[in-house]
Amino acid sequence: MRYISVLIAAIFAHNIALRYFLGWCPLVSQSKKLSSAWGMGVAVTLVMTITSAVNWPVYNYLLVPYGLEYLQYIAFIIVIASTVQVLEMVIERFFPSLYTTMGVFLPLITVNCAILGVSLFMILRDYTLLTGIVFALGSGIGWSVAIVSLASIREKLRFADVPKPLQGPGITMLIAGIMAFAFLGFSGMVGIK
Amino acid sequence: MSLLTKKPSFVGGIHPADNKLTRDSEIKDIAPSGTLVIPLSQHIGAPAKPVVEEGDNVKRGQKIGEAQGFVSSPVHASSSGEVTKIGKFRHPSGNEVKGVKIDLDGEDKSVDFKEADPGELSTEEILERIQGAGIVGMGGAAFPTHVKLSPPEEKDIDTLVINGAECEPYLTSDFRLTLEEPEKIIKGTELIADVLEVDKVYFGIEDNKPEAAEEIRSRASGSIEVVELPTKYPQGWEKTLIQALTGREVPVDGLPLDIGVVVQNVATVKAIWDGVRFGVPLTERVVTATGTIRNPGNYRVRIGTRGKELIDQLGGLPEGRTAKLIDGGPMMGDTQPDQSTPVVKSTSGLLALGEEAAVARDSSPCIRCGKCVDVCPANLLPTSIYKSVESGDIEKAEELNTTACCECGSCTYVCPSEIPLVQWIVQGKSEIEKRKE
Amino acid sequence: MNRLERLMSDISSYTEDNPYLQHITEVIDTVRSIVFEPGVSADKSPFLRDYIEIKRYMFAVVLAVAPAALASIYFYGWRALAMIVVSYVAGGIAEVTFTLIRKEEITEGFLVTGILFPLTLPPNTPLWMVAVGIIVGVILGKEVFGGTGYNIFNPALVGRVFLTTTFPVATSSEWLIPMTGGWAGFKQFSVDTVTSATPLGVFANSGTLAPLRDLFFGNIPGCLGESSALLVLAGGIFMILARIIDWRVPVSYLGSVFLYSALGTYLWPNQVAPPVFQLLAGGLLFGAIYMATDPVSSPTTKEAKWVYGVFLGVMTVSIRAFSGYPEGVTYSILLMNMFAPLFDEMVMTFRYGPIQKPYK
């Protein structure tokens, strides 16, 4: 039951993009077309889940016993970067069609703050491994929801007369900002702990 | 689907005011006078080739244009006189086509017509007589009828639909024809039902014409099912008509014969009977002269009569400004720049409109109210097509099935922002055509 | 509405001949020409046009909401009118500025936003806050997206949610008890400040339900437009009959609220209020009829509208029941505005996608 509430909370009430404002680089840049948004969303979810699953034992079995908690940032980044590399190579080799659709996005998210953020939250909130994975999965899905709806809105606005200075990233952030307002409605619905 | 009534119908459509001013006017003959301009291309397919020369004397019913190939139709002189010019003339649709100008001698002599007993003719002979009489679809599309009645072997035709709907406001020519000459229509229907070997014949008519429906129903032997359909525009479009009568949907970019149906307009059917039984070629048709025109009514006019001649015989143009002269109905008719364009085989009406039709309205931005989507009988998204075409995204326009649009104008009718949607969609269609080349 | 027009023309021709009743003919004909212009117009085919056009559309909405607006003055005094005026003036300046910069014509769309926005606010909102809210709503909710016809979110609600988040106390926790009886609010500028919670707030805290009669006729504290459920509904029915708004959105929204809360009140009686109470309390009726139906921000296709309405209902009841807020209409509508393009996209894919193309 707790896993379900963490999952739902991660997607809605504690949406990583719209509540914590993490992962906005790809959110703003990849939301131009609906197809790239889907690809990006899948890539982010995959990476988030896998890296959290790897980071948890790294933290709890490697850093904690030796009192090296302060190294978590460096350790996590190293894990994320190498995981993404390996993942990219595996996908390119074994799932070539998948690679053409979303493989190109993988390197883009290596240093994405959202990926790091999810691992850090997992540690901060003292999750168990399974809860951490569920949380990461939910965060990925929530992020995907944000980017896909943002992309469909931007496609609809393709030919709108947006003021010149705001075209592109400007209007995207405005839209995402109003989306964040809307997501406030979920506050307090489900507990994240 | 009309859930509230049991009458069959289609999704979408609009209810413009009827304006059937000429409903109760009996058909009167208009004597041909002055000159006739008969285009050699009044049909879909190859234009007819002239078989007369300038200076020749012709009689009514004489062939002046030879059909070129199978998908083509011959053209006949509608009255007697001298051929004074073979050149380019304007067709009501706006194109310049080759035509024959005849200065009439006023005697209206005809050639001898060869009668025949359809019961003794074979199918091929019947179709030959139909082509020989120059019969094309008189409901507007002008497709050579003998071609429509010769579907390819693999298409299994089981249903014949006679289109008496006449959904355009103002027009009453089909209605009066059905009311005044139902026997010919029924005989013509039975003839082609035999030719096509169909199992079922429907006669579709709108429920604002109950008298005409009764005329057919009382005379039909039971082989024809007369169905009164809810009065809704565009009930007369063949796809919505078929859907309402049979429940079958014509596929996008497909034809009725793909689902086993052939549709014929009532006037065409009557012309078929005249052509096969009496050997009379297509040289006249009923035209509804209406709107602000003087002496509005339904008139039997010879093919090739120019607008001016008809209007003069009715008493000339009315006082005040005639802003528009339309060949056809107000929804899909073609506007004419002057009174010189002739009546052709597919002209169902001549509509004159006054001042109010010259009002140029500015369009406002689209507010996405969705009304155009609600009324489109082809299930399209006119607002999205308009936006794609306006911004040049022709690929998107093609994805939205722009080619399935029948140009009925319902979307433009309801748009609160007065956006000329149908014009944008037509432009989209031509852009898609261009891209294919 | 066509039937109404025909009725009027029948009456008019009937009274025409009678010398005593001729004046009625004149009156009816004048009204007819204002409301139902003759259908022939425009210089391009088709040469017939429907009588609904933008001006009439917007005026019809303002007309529909006018009784509810008048009711708010009745309950809360002339201050309510002051709020409406401030909203029109401040928002109007913002709208006109942008229209002039864009060199376009001023459209009537603002007339609707201008009156709907203040009706979403509590009666004692400071006037400067109303101005700030409407300006944010018009500029950031509509103009930056391209102006009329391009806004993704309902501009009035963008302004509203901005105020709720920035000034939570003033716009969400101070309420007044409405005046009733006699001339009530028409005699005063504003009501004596008595803070009290709204029916939804009371239910969230203590589980007590306000009497349905009060909810229906308006004797409860709340935002300006929430007061009289009766008048809001009347306006809604008028707009549906006049084909101004699509009936699918309010019907699916309210229907979904009813069904979901019926289930919810059985499963979680402490958190989910019973269906009829849900329907009449808070800004649900107002939001379902005036806000969710905004043609620009709601989906275009019929199927998407149904989905939109159903989700709206689920969200509203969930936010009311399970989140920290007593009222969820604003958030639900903004959330669904966000998903509306996606719903449309999905419907179009189903309609024109692989399923539809096997005939080649």
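By written order: A, B and C. Residues from 1 in each chain.
Convention: a contact is a pair of C-beta atoms (placed from the backbone, for glycine too) under 8 Å apart; a residue touches a chain by one contact, two chains touch by 3 or more.
What you see is a predicted model, and the numbers here were worked out from it, not measured in a lab.
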| item | value |
| --- | --- |
| Highest-count interface - the chain pair sharing the most C-beta contacts | B-C |
| Chain whose average C-alpha position is farthest from chain C's own | B |
| Geometric centre: closest chain by C-alpha means | C |
| Centre-of-Cα separation between chain C and chain A, whole angstrom | 36 |
| Approximate Å spacing (C-alpha centroids) for the pair chain A, chain B | 60 |
| Distance between the centres, which are taken as Cα means, of chain C and chain B, whole angstrom | 46 |
| Junction residues of chain A - those touching two or more other chains | none |
| Junction residues of chain C - those touching two or more other chains | 147, 150 |
| Parts of chain B lying in touch with chain A, wherever the complex brings them together | 387, 390-391 |
| Of all residues in chain C, those that touch chain B in their complex | 2, 38-50, 52-54, 56-57, 105, 107, 109, 147-150, 243, 246, 295-296, 300-302, 305, 348, 351-352, 356-357, 359-360 |
| Residues of chain A that touch chain B when the two form their complex | 158-159 |
| Residue ranges of chain B touching chain C (in the complex, touch as defined) | 14-17, 169, 251-254, 258, 323-324, 326, 330-335, 353, 356-362, 364-371, 373-374, 379, 381, 383-384, 399-401, 409, 412-414, 416-418, 420, 422-423 |
| Chain A residues touching chain C - in the complex, by the definition given at the top | 13, 34, 148-149, 152-153, 155-157, 160-163, 166, 171, 174-175, 178-179, 181-190 |
